[in-house]
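Shared chain: chain A. Partners: chain B in the first complex, chain C in the second.
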Partner chain A sequence: MSTRIEIAGLSKALAGQVVLDGIDLAVPAGELTALLGPSGSGKTTLLRMIAGLDRPDRGAVLFDGEDALARPAGERGVGFVFQHYALFRHMTVARNISFGLAVRKVPRARIEEKVAALLRLVQLEFLGGRYPAQLSGGQRQRVALARALAIEPRVLLLDEPFGALDAVVRRDLRRWLRRLHREMHITTVFVTHDQEEAFELADRVVVMNGGRIRQSGTPMQLYREPADSFVYRFLGEANEVPCRIENGFVIADAGFPLGRASVRTGNGTAYLRPHQLMVRPEETGAWRITEVVASGHTSRIGLARGGLSLEASLATGQVLALGLEAEMAVEVEITGGMVVADTAAAPAPLLPGSRLARPHLADRPAEREG
Partner chain B sequence: MANNVLAAAFPALPAGGVRARRVLIGIAIAFIALFLVLPLGVIFAQAFSLGAGAYAAALADPDVRAALLLTLGIAVIAVPLNTAFGLAASWCLARFRFRGRGAIVALTELPLSVSPVVAGLLLVSLFGRSAVLGGFLESHGIRVIFAVPGMILATLFVTFPFVARELIPLAEAQGSEEEQAAITLGASGWQTFLRVSLPKLRWGLLYGVLLCNARAVGEFGAVSVVSGSVPGQTNTLPLEIQTLYDGYRVQAAFAAASLLAGLAVVTLVLKAGLEWRHRDELRATRRARIP
Partner chain C sequence: MSRPALWREPSVLPGFAPSLGATLLWLGLLVVAPLAVMVATAAGLGWSGFWTLALRPRVLGDLQVSVSTALAASAIDALFGFIIAWVLARYRFPGRRLVDALIDLPFALPTAVAGIALAALYAPHGPIGAVLAPFGITIAYTRAGIVVALMFVGLPFIIRTLEPVIAELETEQEEAATMLGASAATSFMQVLLPPLLPALLTGFALALARGLGEYGSVIFIAGNKPMVSEILPLLIVTELEQFDFPGAVAIATLMLSASFLLLMAVNLLQAWVRRQNGE
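Our next item is the complex of A and B:
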């Protein structure tokens, strides 16, 4: 019994400030969708409007084609998990979970049965008598989820569900939630500012900024074909390189070629992900390593050439194998990236263009020193 | 208790520190004995100084009985009214940001900083026979000053802040997310109030009500200005004690005073008992750093 959510033209302004600006979105039944964006992008407001906790100025929210805005929050059949859980602090875990059933006057025996089942589901069988303050963050999160699921919601909404948890708990809970969703197939929308979380959990990711949807699609689609530079930058770290494009060749303003693109001519910006830069030691290399910072599995390599600084990321094992260290002369191969010309909004992929690169590299042995 | 606090403050005291700790605890206990326990003992000692028979006779005095009933009656009216106000104020001030909000918060505390006598005079100047409002009411047969309505108003004024100032910071700290959660779970407005808002404030509410009640029962200054002190009619217990004492009936005054002291002790015991019964919940929720 999954529910399809359709949102059309949803807008809201608060004190003259546009919070949401004409949001159109369809969430297919049973899907897990992430609203991804920086703080202030309107993602939480959108979630609260679906729940009925905020009202839009204009627009429509439909659950399976019926007007959800006409119903108050309590009658929409939404399970809402708050960022800080909002557990009832004066009630035990079991009473928290049973709240939605108790206010509906469900018979006591039925409630007890249901609470026991939910406690099992969230793996807290023995903690029904505890108070929220006696639980860890991850346990509170699961109680909040159980409480939301108790009313058998048509739609499950989660606001930054893992925001307040530490890294390990967050990873475990994420996997657990993914599994749970696969079993229950409730239409689920969650808000996050963490692209990794969005990509790992969601069937579809909706990237928001400034109260608008910048792009929505599967994680793969977003990664392969970002709609604009905002989406590109938000989905991962990126080096920004001012450049010009001449007959399809992309040349950094610092004076060397980066690759090819399907854009003809003009000024623009090239975006290169740190992992798209291949670094290998080369005595005659035009690049110089400025620093090597090992942080666990991956290391960040600072690179400089002709006044341009870039950051590459390599597996630490590889850094060790290649013997990379600061002040070393290296060659850098650009394996991919994106180019946005000033004249065109749509980005074009940056293609490796080593054919042009070779002669130029040979021209500049003087840069190596320093 | 004091032991624990000190131990926490000075975790690893050297030998000299242990002595210092004993001295400090000794001072605290001596202070409490001198200023709290001794006076309480004196009240009862004086009350029974002429024997149990005289004590019973003093309490059986119709004026003392009338004073006790009037005192309790005024508290029964003033405390619920100020509790309702405190709940409403904390609810509204914690949830909404508006112009003049700070002024309202400051104004709720005004009765604490104004002398009760001034509060009484203020009521006289408003409701006295020669004042416009008082004259109007008097012409309709309603007497405020030197009558019970004025005493209720004076008590209301003086006890006005107690519940509100206990609840406002608490409600602000707790926010309204729990109420929102209740609403998404299908609770109606009343259900949310009764099952979530009220219970989560209940300890603050209890302390506020106890303070409010203690003040309502014990108020002297403001009430004495507007009461007229007619024994058997407009004397509350504190005023009756004053009347008795001024009439050189010291033992009877202390007997009446023992009633007030007894009320205070009963209140304290009830509060401690409640805290003891709900100690698990209290321990859990006091630590409630649900951020």
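Our next item is the complex of A and C:
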């Protein structure tokens, strides 16, 4: 019963502003796909077009090969969960869930059966008689989901499903939704700006920016082989270091080696994730700690060398064990990262190997060509 | 003890006792005192004296004119006021602020001015009256004229009570109904209208109250023919002009009771709707 979604050349401009620019995307049947991007990237518009709430200027949306755009929203068999749930405030939970069935003139006995089953599914058995205002945020979210599932949709779409919830509820609900999807195997697309949420939930993540798809793939693929620096930066915090590449050696403009990369000679930028920086105390170390900020089980370490500031992240336990504190001299080992040469769009992995750098290159003063 | 704690709720306003005192004093002076004088005077007529004066055929006929025209005008206002409030709350268009300002005009205009203008427009030779005359429709100097005048004064009440509530309504609710397969009519009746109904009824009650008491704009356009196109407030003024003070008081008391009952009925309906909405 799962439905395959294919999208081709979907474009939309609003008041001269390009919202979507030739979107091509295939969502395999039964998969859970995340549309990930910053606000204004077009992800919500794309979702609304699949639903039929917005119309594209050009392009096609196919459900199992059949033209979905030819049908009005209510006849596409799409369940939609709105960001703020959009529950009918003047109806009880049970009436909210039964709404889609009632407008389809489903017999009352069947509706009651169905509502009871859905209430069990979303673990709200005893709240059918409550009004939305009497529910918590997480409960409302589950009612909205039950209401969308009641019509037995071919496709389930969720717009920022956990955006309005606090962290703990969000995590529980995420796991619950993952389980639910595994049981029901309904083709699902959800929109989020939270990469952690996208990675934890989705089989496939589609990164969007400026109305275009920048990359799509499994979470692992995206993390291992980001298509460009936007994707890399969007998938996690990163230090940006202006650098030069000389014969495969990457040298920071601040004047010290970062590692090796298979990139031609030229200028570029190195991207280093905070957790890829190993810090150890060393009296003769070239780096200085500028600050230590403990935030729960991880700590942020501010580092400086030759006018360059980086941020490392270490387990707080390790910070305590090493006795790291501000103004301490330390040595930093770069264990990985990414390099993008100005002349090439595709990034190359930064390989550890600063110690292999030729001695005369180390600690050479900054000098940039051009 | 929960009560004293409630009373001592900290607030920038003076405490409960002085503010309740001010409320009662003010309501007493402005609302209750004049009405009490009226009712006391009516009581002075004696039970049978009051009924003889209040139940005169002309009084009952005029009461029927007043109530039916006020109900009709408020009902029509509710329909068109809803549409105007919807447009103002949901759409942005050039001239919107001008339209917005126009709506309050009936509040500010001396009602006699409105009455004269309406009479001129709807008179058989007036710009609108002349158009309608060939179809055998006469507005001015009939009951229809009264309804037109009352619609004019009542419209802002509907719009001003509805507009903020419509603006608060999320458009996502309609979209949710659409996604669930509801037709436009079903969305409107089952999703949009119920949360708006209490505000619509409030506007209706205000327009109705205003319509029952309206005098200035009506007398110029109404025919003022007893029991056909004469409103009760006009009869009160007529009797006062003839120094028939007891007669006027009896009519006024009857009218007060009728208005009170009507407004109470609307309030009960509203309470019922709110209960249905789970509020």
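Going forward, the second predicted complex is superposed on the first by the 355 of 370 C-alpha atoms of A that agree within 3 Å, B and C clash if a C-alpha of one lies under 4 Å from a C-alpha of the other, contacts with A are read in each partner's own complex, and residues count from 1 in each chain.
One rule holds for everything that comes next: a contact is a pair of C-beta atoms (placed from the backbone, for glycine too) under 8 Å apart; a residue touches a chain by one contact, two chains touch by 3 or more.
Everything numeric here is computed off the predicted structure, so don't read it as measured data.
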Chain C versus chain B on the shared chain A, clash or fit after superposition: clash
First (chain B), second (chain C), both or neither touched by A:164: first
Partner chain(s) touched by A:99 [first = chain B, second = chain C, both, neither]: both
Partner chain in contact with A:151 - chain B first, chain C second, else both or neither: both
Contacts of A:140 with chain B and chain C, given as first, second, both or neither: first
First, second, both or neither for A:176, with chain B first and chain C second: neither
Which of chain B and chain C A:230 touches, first, second, both or neither: neither
Common interface positions of chain A, toward chain B and toward chain C: 51-53, 73-75, 78-80, 82, 84, 86-91, 99-100, 103-104, 131, 133, 147-148, 150-151
Residue ranges of chain A touching chain B (in the complex, touch as defined): 51-53, 72-75, 78-80, 82, 84-91, 99-100, 102-104, 130-134, 140, 147-148, 150-151, 164
Complex contact set, residues of chain C against chain A: 170, 172-173, 175-183, 186, 190-191, 194-195, 276-279
Residues of chain B touching chain A in the complex: 174, 177-178, 180-188, 191, 195-196, 199-200, 202, 280-281, 284-285, 287-291
Chain A to chain C touching residues, read off their complex: 51-53, 73-75, 78-80, 82-84, 86-92, 99-100, 103-104, 131, 133, 147-148, 150-151
